[in-house]
Structures are given as structure tokens and as C-alpha cells.
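You will see subunit A twice below: alongside subunit B first, and alongside subunit C after that.
Right, the complex of A and B next:
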């Protein structure tokens, strides 16, 4: 956020529909060449945000700057940005080549130069050159995706926006395209802003993730940081399975603390966040020790997940298969290093 | 299995095929037969005899054919221009109001065309609704704007508006909103969106609407007779005259065959261009 010259700066952006506020004066800086994912559940305002960014809607208040140009007052067709639509929005009456050349044709680029560029883009997206004269209807889902990308790149935008373009594809194709997209980002060096409800997608591809909730950014940080140090229980839960323990005046209800852990947590109140894989079964020595009985057992391939009833509440634990314990009903003790524990302080918790 | 499906298909199509054969094909064949009889007589003895076609060529009937085609083309063009915004609004902008508009436009079809055209004559004629009141209030009279070519075109536009409006609205509703938005996002101006996206994607509707209005207008005569006062004679008018006053069925039939040939060619060309499957919602 302290980037000296962001390519995109959003300041105090607000969007109100009748009696509903979709965006509450949000701020964001995006660095040149960054891959930023904006993630949030449906209704969090991410679609509204991207509509404002590309110019399909006008903000109620606030401003959007692209370098030193204010773009929220410019109509969408005059903005140097473009978007890959969720539906891809390819032109069904045009060939693959004509689709890719469309933005160039609008600018009056000569037919020969247009075709040259279109073929280059087909190469860049690893589509065979003879796709140039194919009809859109003859392309598979993944190929259409690449054509849409090629068309957006032909526009040569300052920033390329993506509105969940992979959400309609099957799992394996999505995984392949995620990697290709990340690779494409590296090779083109463009700034990508990617909207998705899938955190998994965001984690694979992006440099930073902005998590949205109810029209605000909850946390903007690289994936590892959000995972390890979520600012709120909402973010922690959004990032995958998690255990919450309540911390009051340095003491954790239902848990035993080692002297070192007591020192680390002394005087703090709030919520303790522990990931399921940070908990160990039958620990010899640990900063934080809990006890309970196994309530349920789920096999997850190489790992086993347990649901455990304990005085501190229901806990989720994930261990390697070889560390598995006797099944449901067995009493267990659990432990976790104090370094794997993250504290969400009371104030932040209340704000969330 | 395939064989059986084909047989069943033919069987299902049989009733409609018979109906079309009797009501569509048979009259055309009958007219074609009449057109090859010697003129002014009813006899099968000297068939085929092409004297009626010679008369068509020799007597300057091409003028009536030309007028019919020109008037129909003008009416179709004008209808395209006026109906596009209205159809666009019906397909994309108006919501509940579209139904009101549809009912309003369809209602006019419940009244016979001749009566509606006479209504316009009463409105526009000297001493009629418009001129009469203007003269009453201002003392200044003027000639009725009737009995000329523009008023015939106006009549055609007025009568055939529904036949352009509804197919056009259907065609425009086939243009996906996201394609329009994507084009705009990629830098297209409104005109470029119209030319590059909307017109080509709405083409089936444009074709069907233009075809319907053109074919109907090319075969029209009430407008030129009632509003135009025969300022120009259309080919349909000539056909009617030949069959009635002229009592020359072969000539009437020959004229009709010429019109059918011209319009049929046009229609087949246009239909081959328009993707009717897409229009009916069956994606190819």
C-alpha cells in the first residue's frame, strides 16, 4: 500500500442503490504489474466494484485514478482498461480472428497489421494459428477462454480486469487455466485485477488478495499473510477450516498453557486462531494443550481430519495418516506450538 | 431406428403438407395454367400459348411492376428506420409497457385495412377532419395532401408497421447484452456497436421483417387506390383490373406470375441469408 506510484488508486469509493449501500467508501492502491485478486462471497460488493472500475456504472462518491488520470468520469469505451467477462462475451457472428482483431479494427488498424497481431496473440495463448478462421461455436470452453483473453490483450489495456471468467468451467480445466493465466501475467507484465468468489483461484494466481465483505475491504495482503494472520474471524474462516478459542486476560478457556505461552499471551484478550494442521495429537510438549474425545473421523486422502469435542468447544484437527489415533469415542489430548497461534485482538474482533 | 424416425417424420408432416399443397401450391399452379391460355378466351385447346406474356411486355406493364417494387422498397426502408428504435425499446427498455404497445399495435389489425385507409382519407381530404377545422378556425384552406406518391408510401408504412415491428423486436432481443457491453468496453462508439454488433446479430429479425413488409407492400393496391387516387397504378391493381373489368384472365395470371417470380426469387434469397433456426430459438 505504500507503493510510490500505483497504477490504480481508488479513493473513498461509494456506491448506493436506492436504499442499499453496496460499497462503503473503499480505498485501494494497485501497483504496476501486480496480480490482485478481489475475493468475497456473493453480495460482498465485488461485482459492483468491478462494474465501477470498467465504467459500466458510475460511483455515487469517490474517485478512481489511473496513474494521474481520473477515470471514473470517463465513459467505458474511452478508458484504457478492459475486462474479460464471466460469460466471455465473444461475438458469435465473428470468427476467432475477427474477435481478436475487434479492438484493433475499431482503431482503424490496417487489415494486414491486424492479422499479424492476431496471429501473435494466438501464439502467445498457445492456440494453433489455423484457429484464426475458425468459428467461435467450433471452439471448446478452454479455447473460448483463450480467445477472450487474446481479444482483451489485443486492446493492449493498462489494466486487465477479470470477472470470474473461470467459474463456469470444470475443475481440471480451471486448474490448467489458472496456471496459464498466472504464466500469462508473468510474460505480459500487465496489471491484472481478478474478481472471484473462489479463494483457491485467488491463492494460486495472485500476488495480493483483497477480501471483501459487505461493501468493504476486510484485509488486503499476500495470501500467506492472510492465511497466517487474518485480521478477523471472517477472514480466518474464509481462508479455510479454522479453530477459534476465546482468549481473556491471557487465559484460554478449556486449555492449559506452558509458561512460555503464558508469557506470550499475557494480558491479551480476543480470539485465538489455530489452523487444523497446526494441532497435533498426543503431544509430548506444547505451548497450548487441550483435551477431548473424538466425535467424528474423515479420511482426506493422505490426511485424516477429526472433529473433537473438548471443554474449549468443538475442534477440527488434521493429521497425517500415520499419526491417526483410534476411532470415534477415543479420548485424546491435543497440542499446538504457540508460534502457530494467531491472536485477533478484541477491538478488531468487535469491528468485524 | 433412423429409418423409422424418418418415416414417422414424414407421417407427421403429411397433414400440413397436404394442406399447403391444396391452399398454396394448387392456386399458384392454377394461375400458372391460366397464364398460358390464349387471351380473352377460356380454352384449353391452344395451350401453351404465351400471348399474355407478350402483352405484359408490350403494353408497358413494367411501369406498374416498377412502381410496386419502388413503393415497397421505400416503405420497407422507412419502416426499418422508424421501427428500429421502437423495437429496440420494446426488446430492451420497456418492461410492462411492451405488452401495452403490442396489444395497441395488434388491435389495429382487427379493423379492415380498407376501413382504416378510408379513415385517413376522411382525415386528410379537403373539408375533412384536418383541413376542415383549420379552415373553420383560420379561414385559410389548403389542398388535401392526398392523391400523390408520398401519401401512398405513408399508407404502406402505416398499414405494414406491425409486420416490421415484431420481427425486428424479436431480432433485437437476440443480441446478447454482454456482447454489446464487451464491444463498448473494447472501445466501440455507439455507431460502431450498432454496425458491428447489433445489426449483424439482429439480422434474422431484420430479414424477416423486411421480407414480410416488402412482399406485402409489393402486392398492395388499397393504398394507391384510396389514398393515392391512382396517382400511380400498382401491379396488384393491374392484376385485379385484368381479372374483373378486363375479363382477361390469362393476362391477369401472367401479370401475377411475373410478380410471383420476382418476389419469390427475392424471398428465397433473403430466407437463405437469414438464420431462421436462431430466430426460433434453436441454436445451431
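Right, the complex of A and C next:
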């Protein structure tokens, strides 16, 4: 990162459990006010990482810095950070108000000031003020989510961590809360670090996405960059549907190249990454030219997706509905602009 | 699916028959206690409640009540503490010997109580301790504390560990986590464990028989009088014993209800 003074700096963080290494000496800088999403499949180490960051586990090696303070040596209850748990961890034996006030009570804030702050937070989270005396069990899923956020914000932590807090909710509510969370981030200006296995969630909300795999960061970049220029087939695949073609010495097996494409790919070897929407079904194909037959057709609302058998392997193509072509069994030719093709060079590929 | 009228009537009759089978013997004890006759025989020809007056006035009965109450009271209080701590070790925290602990704690429950009573008596003798109501407390605890632990453990298992972690994350010390989260959330389990502990101790016969020495609890006395010296005082004391448990259960239920009602607003 170019930011001279990150709010959070992780350096050479390693965590081993018996003979299993969950984190392999990872580094990360997070800028003040950033919304960073850490995405990875289960077992990639993201939960281990967040547990180290909040202090529920101790790192085996490495350090965590919050501005100038080394925090990995500080117990969890003394760290100026707060986490929203996957289960939300709202206290069932306390009211909404008491839940929100809990961190303030621990810090010896007077009852009157506590209540004022709790009501302020209810306003911020757009919950009616009379929820103050409601019981947790009387709240809906989305309301509980907001109470958990209010509680996490109550003592004004430096960084808010989120451990997949939306994963248990239904699709529509999740979509609403994603937008609310992003909006909350904007309004509070706090640093949010959000763990999820859902890339969609990460793309909607975050400024940057860190993709984790097997205890390492595979790529850390804004969503568009990860989408357009993945560093490895793993990242490319993780970011949605993708076509891989093998590139050897500037030639693509099963495909013809236009002169411009030949020039662009000359001498390169590795993997070609092409998004389904970058492929066009057109008779006068240009750039990268492929042929094949339609094996299957799926309607995706405003778009149509085709599976196409071609000499280069099975291809996935997505076009707008008005550009739909003949159905299953029809021969087609496909083209792809060379600018929409991303090359993962062999060396990088091997490292991943 | 809708059950037919006949089927549900049969089901109801069956239920009533089972309840009658279970509870009529208890009713007969109640009836025997109000009989004027010296020996139990049905039908009862003349009723009176003289035996209740006699029971309440009797020093023997008062001593019996007091000893049973002392034993059950101390067993209850100890079981609640042991059950709470035991459940944390059983269900909440991972530690080295957790697995063996979980198995060992069940052992006293599987022992027939008579064998357990005998073993404890021999143990007290070996240690040179004279059996009395105090040794009975130890004997009861050997059997009841594991049960209390299991009851609190059920509660502890249904408890989201993230609640404690969240409290800690928000700035609570270990002690504050215990006071603000763990204890209040396990409290309903501890209260029911206490109720069970009292009832099991109050009505316990085999362990008391072996370990009270010269002292006697209510169930022991009832048995002794049944063997020799029956009078309607026996069923009368029996009914008083049941009344004692009933009062406690009612108090416990009211307490649990009050805890549930009051907590969120305090």
C-alpha cells in the first residue's frame, strides 16, 4: 500500500496448530477508513486470521500493529477494536438497550450517558427509539443485525471486524443489509474489515478485496482489478465463471488468432483468462477466434448463458438476451477482443 | 392427518388409566393418614385429622424434619455450586482430562445406591469417621452432584461460546464475563439442578440408611415404622414429606418464573 501510515499492519503473521499451519507468515496493510473484505473458501485461514486480529488466539509468529502500537501482545479485552460475530452473540438475557450499553458499562460510563449513547446509536442504525427496552427475542433477523452493529460501535472502536455476519440471513435481507453496511461505513468513516466466503458480498461493499487461499493472500486489490486481472486461475475462478485456454509460445490450442492478437500474445506462455461476457457469438469473429457447437443454453433473466463445445475445450459464454443465437446443437463461431483477454504467465501460475 | 373421535377418546382413557395407576397409591397414603383406625384397611369408616396434630406436636417428627431439611438443604446448596463449576468443565471449556472427566462423573449414577452406600460406609469406617447426618451429606453428594452437573451441562451445551468471546472482545475481564454472561445464562440450569438435588436428597433412602449412623431421616423413619410400630402417624408423616417437596417445587417454579420475568428490566 502507498498509504504512509496504515491503521492496521500485519507482518509475517504465522499460526500453527499442532502440525497444521493455518497462516503462512502473511503481511497486510489496511488504510484508515478502508472497507477491506477478506474472502476465501472455508479452510483458507480467514477465520484464524480474524481470531488473531481480535485477540481470541495468539499468533505463533509475527506481529500486529495498530498505528504505532503492537496489539498482538495485548489481551482481547484491552484492544481498541470490536467484532461483529457470525452468530451476532447478542445477550439473550438483556434488552436491546442493555446490549448496546454493555461495552460502556464495562468502561464505567454513567447510566444516563450510556442511555443517551444507546439512543443515538439506535438513530444511527435507523431503529426506532422504543426498541431500547425491547427484548432481543422480539427483534427480527435484520433488527438483531442492527443491534449488534450498534453494540459494536458503542465504545467507538478504532476498527470493526465482521465475521460473516450476514451468512445466516435470507437472500433479500442480505442484499438490503449489504447496502446498509456500506452506507454505515460511509457515515461513520470507520475502518471495516469484513470476512466472508461470498465474493458477491465483498464486491458490493468493499474498497479492496483480499483473496485468501491455504493460509496465504493470493491477491489483494480493488474488486475490478481482481476481476479483470486475476493473478492466478484460483482467483479467476473464485471471482465468478471464467474460461481458461492454454497459451504456449504465443499460440492458443484450438483457436485462431488475428494478426493483432498474434502480436499481443507473441512468445507468451501460460493461461488465458476470458470472462463469459467477453466472448461474443458472431459470424465475423475477430481477435481470438474459436468455433464450436452449442451444448446447453440457460436463461439468466436479462442474459443468456451458453455452454459451447469447442476444440479448445468447453466454453461458457454470456450474452444479452437480444443477442441470443440459435439453440442447442447449432454450430457457432466465437470471437474475443484481445484487450478483454488476461494472461496469467506460466511462472505466476506455477507459484499459485 | 386427523384422528377419529373414537381413537382420541381411547387415547384419553388410556392416559387417565396410566395416571390413575401411578397416582392412586399416593392417594391411598393420603387416605390412610386421615383414618381413625390403628391399622390400614379399606374402606375407611371414620375419618379424622388427629394424626396431623400429633405429628406436628411430636419431637421425633420435628427432629426427623430438621435432619432431613439440614441434609437436603446443604446437599442442594453444594450441588448448585458443584454443578455449576462441574458443568463448565464438562461442557464449556476444553482441557486435557475433559473426556475422562465426562465419563468418570457418570460412574456414581450407574452404581446401585445400596452398593454405593455400603462402599461409603466402609470408607468412613476406614477413615475413622463416625457416621451421622453429616456423613449422609457427603454420601448424597457423591450421587447427586453428578446429576446436578449433568443438568447444568444441558444448559451449558446450548450456550453460544461466542457470547463469552463477544463480552471479552468488548472489554470484559474474565471475572466480568463470568458475572455478566456465564452466570446469568446458566442460572436457570443451576436453579433446576438445585430443585432436583433437594428432591433427590429429601426422598433418598438407600444412601441415608447406610450413612446416617444413629441419626435418621424421614424416609428411614418411615421404613423403620413400616417394619415395626405402624400407626397412621406413618402415612401422616409420609404426606408431610410429600408436602415438603411440593412446597419446594412450587417455590422453585415461582423463582424460575420470576427470574425470567424480572431479568430484562432490571
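To be clear about the criterion, the second predicted complex is superposed on the first by the 350 of 352 C-alpha atoms of A that agree within 3 Å, B and C clash if a C-alpha of one lies under 4 Å from a C-alpha of the other, contacts with A are read in each partner's own complex, and residues count from 1 in each chain.
As a working rule, a contact is a pair of C-beta atoms (placed from the backbone, for glycine too) under 8 Å apart; a residue touches a chain by one contact, two chains touch by 3 or more.
Since the model is a prediction, treat every value here as computed from it, not as a measurement.
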Practice item. With everything superposed onto subunit A, say whether subunit B and subunit C fit together or clash. Key: clash
Exercise for review: Could you tell me if A:260 is touching subunit B, subunit C, both of them or neither one (first, second, both, neither)?
Suggested key: neither
Review point. Counting only touches as set out at the top, which of subunit B and subunit C does A:135 meet: first, second, both, neither?
Key: second
Exercise for review: Could you tell me if A:77 is touching subunit B, subunit C, both of them or neither one (first, second, both, neither)?
Suggested key: both
Exercise for review: Figure out whether A:102 sits in contact with subunit B (first) or subunit C (second), or with both, or with neither.
Suggested key: both
Review point. With the two structures laid over each other on chain A, which partner does A:113 touch: subunit B (first), subunit C (second), both, or neither?
Key: neither
Check your understanding: Following superposition on chain A, which residues of subunit A contact subunit B and also contact subunit C?
Key -> 54-56, 76-78, 82-83, 85, 87, 89, 91-93, 102-103, 106-107, 151, 155
Review point. Once bound in the complex, which stretches of subunit C touch subunit A?
Key: 160, 162-163, 165-173, 176, 180-181, 184-185, 263-265
Revision key, fill the gap. Subunit A contacts subunit B in the complex at 54-56, 76-78, 82-83, 85, 87, 89-93, 102-103, 105-107, 137, 151-152, 155
Point to revise | Residue numbers on subunit A that touch subunit C, as the complex places them | key: 54-56, 76-79, 81-83, 85-87, 89, 91-95, 98, 102-103, 106-107, 133, 135, 151, 155
Check your understanding: Which subunit B residues qualify as touching subunit A in the complex?
Key -> 176, 178-179, 181-189, 192, 196-197, 200-201, 284
